[in-house]
Amino acid sequence: METITSITPIIIISTSLVATFLIFFTGDMSKNLREAWTILAAIIKFGFVMSMLPLILEGKIIEYTVISIVPGLTIQFKVDALGIFFAILASFLWIITSFYSIGYMRSLNEHAQTRYFCCFAIALSATMGVAMSGNMFTTFLFYEIITLCTYPLVAHKETPEALQGARRYIAYLLGTSIAFQLTAVFLTYSAVGTLDFSDKGLLNNARAAGISDLFLTITFVLYMAGITKAALMPFHSWLPAAMVAPTPVSALLHAVAVVKTGVFVVVKVVLHVFGVNLLTELGLGTALAYVASFTIIVASVIALKQNNLKARLAYSTVSQLSYVILGVALLTPSAIAGSIMHIVLHAFGKITLFFTAGAIYVAAHKTEISQLDGIGKKMPFTMAAFTLGSLSMIGIPPLGGFLSKWYIGIGALEAHQLPIIAVLVGSTILNACYFLPIVYAAFFKEAKHDEHHGHGHSRHGFEEAPAIMVIPLVLTAIGAVALFIAPSIFLDLARLVVTSVTGGN
Amino acid sequence: MKIIAFFATFITGFLLIYATVDMPDWGDPNSPPNAHVSPRYIEKVILETATPNIVTAVLADYRGYDTFGESVVIFTAGIICLMLLRRTSDD
Amino acid sequence: MKEQAPALIIAIPLLISFINIPVGLLRRSLCYPLTIIATFSCLYLSFIIADTVINSGNISYRLGGWEPPWGIEYAIDHLNAYMLIIVSLVSFVVSVYSKKSIEKELAREKIIYFYTIYLLLVAGLLGILATGDLFNLFVFLEIASLAGYALVAIGDKRAPLATFNYIIMGTIGACFYLLGVGYLYIVTGSLNIADLTKLLPPLYHSRVVLVAFAFFIVGVAIKIALFPLHTWLPDAYTHAPSTVSAFVAATMTKVGAYAMIRIMFTVFEPSFSLETLPTTEILGWVASAAMMFGCIMALAQNDLKRMLAYILVAEVGYIVMGVSVGNREGFTGSVLHILNDSFMMVSLFLITGAIMYKEGHRNINNLFSLHKKMPITMGCFIIAAISMVGVPPTAGFFSKWYLILGAIDAQKWFFVAFLLLSSLMVAVAFFRIIQSTFFKPSENHNAHEEPLRDEVPFSMLLPIVVITVSLLIIGFLSGQIIDSLIQHTVPKGF
Amino acid sequence: MDTMDFIIGKYNYWIYIVLMMIGFYAMIAKNNFAKKIVGMNIFQTAIILFFISTASKTGGATIPIIKSEHLAAGAQAITAPQYLNPLPHVLMLTAIVVMVSTFGVALAVLMMLYRKYRTLEEDEIMAILKMEKD
Amino acid sequence: MINRYENVVIETVSRLLVPALQLFGLYVIAHGHGSPGGGFQGGCILAASFILMVIAYDIRVAKSHMSENLNTILCCLGVFIYGGIGLLCVILGGNFLDYSVLHKILPVDPVKARYMGILGVEIGVGMAVMAVMISIFLNIASRGEHEGHENSVSVSAGVSDRRNNE
Amino acid sequence: MIWQLDILILLIVVICAIASITVKDILSSALLLGAYSFLMCLLWTGMGAVDVAFTEAAVGAGISTAFFIGAVFHMTRRTKD
């Protein structure tokens, strides 16, 4: 495999950092300037990410070592197929989210917008950092930065509930990452003396070097407990709590940056720190798969009971994230490919759903599912997108979500784990149970008369959110469909990942 | 408080008594303090500093820096008393 | 100049402090520039010394021209040079900061004396660091302690009581140290550290040496406020003027930690300090208790400064922990943490001083919307807090990295757990503040009118920013600092 | 009588230990701040006694001031056993100064305390502080 | 209450004693090389003579002999002499406090130069110790009041009048 | 020095020390401390430490006591222990 040294990763990360400074210093002068910076940075960043894609597809790896602070603690970027996969996803969705948040923030006339856009930009920088990191230390570094800079986003409203939710958010994320993930990093380093990712797994030779199974198991458990962003039960409760954030933040948190960083790091740990062989030998993959299955089912059941739209989406996220973990935990080629595909497919589906939730809030000031009766008539585009998104979540064939579930199912068969198939089927049914009623109510139920909403508007005609919000959500919905029809780039990347980690079968 | 004090005092005293057993006998001319560094002071003081009072010579010359520190200590104490006890216009 | 630097680095602040008062009696405003000159020349000289040590090896400076066991010697190796830089840098930064803060907090007549005693404190600390003679160390320890008592005593209205307890504890510590010196003297007849290193090994079985070691450690433990001998620290540092707390918190305990390292690993051999006696166990557990206790007490405080003081107690625990595990990583972590912690402490205390300067109080629950009033200061606060928690890439992470690796290497799993747990508690403590200062709207309901930007004066802001930015820079330079200075300080046998 | 020899041979040390314990106890346990200072003084003096004891030399050694007859005999003729060990004396001179400085500072702080609270008893001051807080 | 007659005795005795004490103090400082004594002890004796003056007369009379600022400056000057001699050695090319290099400016050989150096620092120490002891005593005994503030202190009673306040 | 006298002084020293921390009057305590210092100084003279004894006489028995008494005049003589 060829390695190229290139400064592109640094440029990608610094693009949004520069944007942060520009936003910070010009933010109070002009709104337009501030937002222009955001969008400009988003587009430039996406351009740079795409510029790396051809090289990666040729099977090359882009590497850049920034600084080696002390032995073992090196800030190093290494862009491989998995990394660019996530980078493309995040940088593309950032563009869309940027447009959407401009619409959202302007419509609601939110306060502290400069802080909001600053933190947003840093969060994206850090997400890119995680995506392209070449060792566990760099990953941990950017992982923490994401946590810290999304805290102001979650606490954005500054109400007691927002602060409460933000406190839980930071407590879970920072607490577990320091207490467990950092410990796991320490144990890894003290076992093998390096933190650099490798295709066969950093700890692959540890067993041969006399590291006990117990030690490795503890390390693995600490990693899984420490990467709370993946919302694996029982460390999931920060995610519903973080729903107090403004909707674009929720969209970013629960579709792109935060949770996907979490599962991405889990995938990294499974594939590049422990490696397929080691986990198979230790039997830890299966154990993880069952924990993930448990999360999938239980979170879906909880989601059924939620009346708040965003809360239901949050629990749905908890459940869907575990698909990724489940797939990778099965440790078979198809399952790994499926789980990697699920990162992107779920992202498109879920970001659509959150965008619609935000659009509904902006246009109709509704947050509860029970209030959504008949809303499809007022907001047809929004609700059509919602329908597509939820179908993708459920995994109905013409939509992207089907693909990943299919691969994971095949992977489960390869691994001879029939209970997992049952879990997949069961969760699909549950998904349908909590999404379809919303769609049904939105389109086929009559709207209740809302007394306190009588500001004289005719209930005929559309009452859509501003176009700048609707267009992004329609785009993402179309994306969910398009990914089913033409998943080639992502599928190719996923195959590359699988080839590299499983050694070419 | 008194119990802690008794306890601390007791432990300290015990340690001191425990150590005394191994100390050189009182006044032993060959004990390390009398044999290692100090003979030179006595034997060379006249040759090196022309001062009959060995203590003064050691104090102000061989270990003059200690004495410098000592005079700084006393200076510090003086300034401190001046600063702390002088009544200022506001109290 | 270069050969005389070790003597001048102490002589210059002392001599300037002597002329400070006559000059101050003529013109009060000249004291501040004189202090700046003195601390800056210390800083300059400390860099010269470090340069000499790195490039041409250890310095041995004979005071009065007498050869070592008879005269007093300044023996400066990498550890001394490293500590000298820390102390002189902090003293310079704090002295720049002091002007406005002191004018606000002290009566006008006391400003001359304040600067004089401040310089004496700096000189005392530098003297402790430079000297290679145990008794000389005691003398400078007393200079520093006395100056420290005085500076604490001029604080707020509860300062005298805190100072008195500080004096009592400090004197006990100094006396124990002196006893330790006496006990070593009675069995070896020497006071020179290098000489003692040679003379002591055959005497390790002697009870006198064992007891001397115990007295040294207890004496120094009082000076560095190691749990459970920390009782004087929170009160003293809370009620001192903010400039003083910043300087004293950043340097006093660190210099004490230096003395501890010197005694444990230079005067005695590591094999004696860590194996003959159950030092590793005792100090390790005491340090763990210190970390836990400091953090728990920090969580319970509403006074920002008091909270920082308790965190300092915990940080002392970190340093001692690293020393006690007895391996290369732990030791490196400790020494690196001395640097990081003094910078973090000085940054946080200076920021507290800035808050005091503008708000007039420091109750955590009543600090509203400070980020709008003083955005730069509070930005610095966040960086310092994050560094305190130990989040990469700030400086605090790297020392904790080594400390934890050291604990893992020594198979002390409990210590690892305590280190991480205390990091967590520090995180909680700081996020409490960040939440109340950043996100809690003011309670007096005129929050609609945005509070005006109201930063502290430039002479206070600049040191805060410089020291906080240096936290980030130190983080990235950790590797180089370790390579050029710290790795040479690791005792042989680790 | 080995034990007896041992005890008598080191009687200075025993006395110093007793004095130190008295001082130390007073410093920690006394309720009155002035008494703590007294204890501090006793403690430090005890340490000085210890140091001075280490300087003693039996066998005709005299005070460390070169006698004129020795001077007349030539500086080379002076030998160590003729005089007491001067080093502890020097150290203790410094220690006495340090002691009196600490004493002065402690008194100054004590006077500040008295100005503020009009009492020197620790428990009474604590009670006043408690009242201030409520 | 001290009555007038006793006061006369005290004043007379101290009038005789104070110069004698001061002379003795100077002797102790200057003769520290050959007999017990030195700057420190001599400084204490000088300070004691002053304290005797304070006790026998009163603080104001005592201060007229030695104003507070003069005292403070003396104390700075004392330590400065010590540090200055050290620095002078550095300037002359030796190490800090290496008095032997003083022979370059003094008309003596290096060994004798050490003797002179010791004398110099003893004088510095004596001055500093005297000034500091006086300063501490004055501050403690006058409760830190400034000159001119102690109108309440009667001329004849001095410190002892405080006894009535207790 | 005559060892009986030595022992006697040592005993009185200890008695002075105990008395000065137990006596219920700070002024007496100060004076006893002065006496303690003076006896100490005698002891050191006996041991040949003339310089230290001289200093202790000037400082411990003289100036310190003066400081302490001066301070006690401005504070209270009352003490509970």
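A, B, C, D, E and F label the chains in the order they appear, each numbered from 1.
Operating definition for what follows: contacts are C-beta pairs under 8 Å (C-beta built on N, C-alpha and C of every residue); 3 or more make two chains touch, one makes a residue touch a chain.
These numbers were taken from a predicted model, which means no experiment stands behind them.
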item: Least step count from subunit D to subunit F, where 1 means the two chains touch; value: 1
item: Central chain (by mean CA position); value: C
item: Chain pair with more C-beta contacts, C-E versus D-E; value: C-E
item: Far-end chain from subunit D, centres as C-alpha averages; value: A
item: Greatest separation from subunit B - chain, by CA centre; value: A
item: Cα-centroid distance, subunit B relative to subunit D, in whole angstrom; value: 9
item: Geometric centre distance via CA averages, subunit D-subunit A, whole Å; value: 71
item: Mean-CA-position distance for subunit F and subunit E (Å); value: 23
item: Multi-chain contact sites of subunit D, meaning residues that touch two or more partners; value: 11-12, 24-25, 28, 53-56, 61, 63-65, 87-89, 91, 93-94, 97-98, 100-102, 104-105, 107-112
item: Subunit E, residues touching no fewer than two other chains; value: 34-36, 38, 40, 72, 76, 79, 83, 86, 96-97, 99, 129, 133, 136, 139-140, 143-144
item: Contact footprint of subunit E on subunit D as seen in their complex; value: 63, 65, 93, 97, 104, 107-108, 111, 115
item: Sites on subunit B touched by subunit E in the complex; value: 47-53, 55-57, 59-61, 64-65, 67-68, 70-72, 74-75, 77-79, 81-82, 84-87
item: Residues of subunit E that touch subunit C when the two form their complex; value: 69, 72-73, 76-77, 79-80, 83-84, 86-87, 90, 94-100
item: Parts of subunit D lying in touch with subunit C, wherever the complex brings them together; value: 24, 27-28, 33, 36, 40, 43-44, 47, 50-51, 54, 87-88, 91, 94-95, 98, 101-102, 105-106, 108-110, 112-113, 116, 125, 129
item: Residue ranges of subunit C in contact with subunit B within the complex; value: 14, 18, 21, 63-64, 66, 69-72, 107-110, 113-114, 116-117, 120, 123-124, 127, 135-136, 139-140, 142-143, 146-147, 149-150, 153-154, 183, 185-191, 199, 206-208, 210-212, 214-215
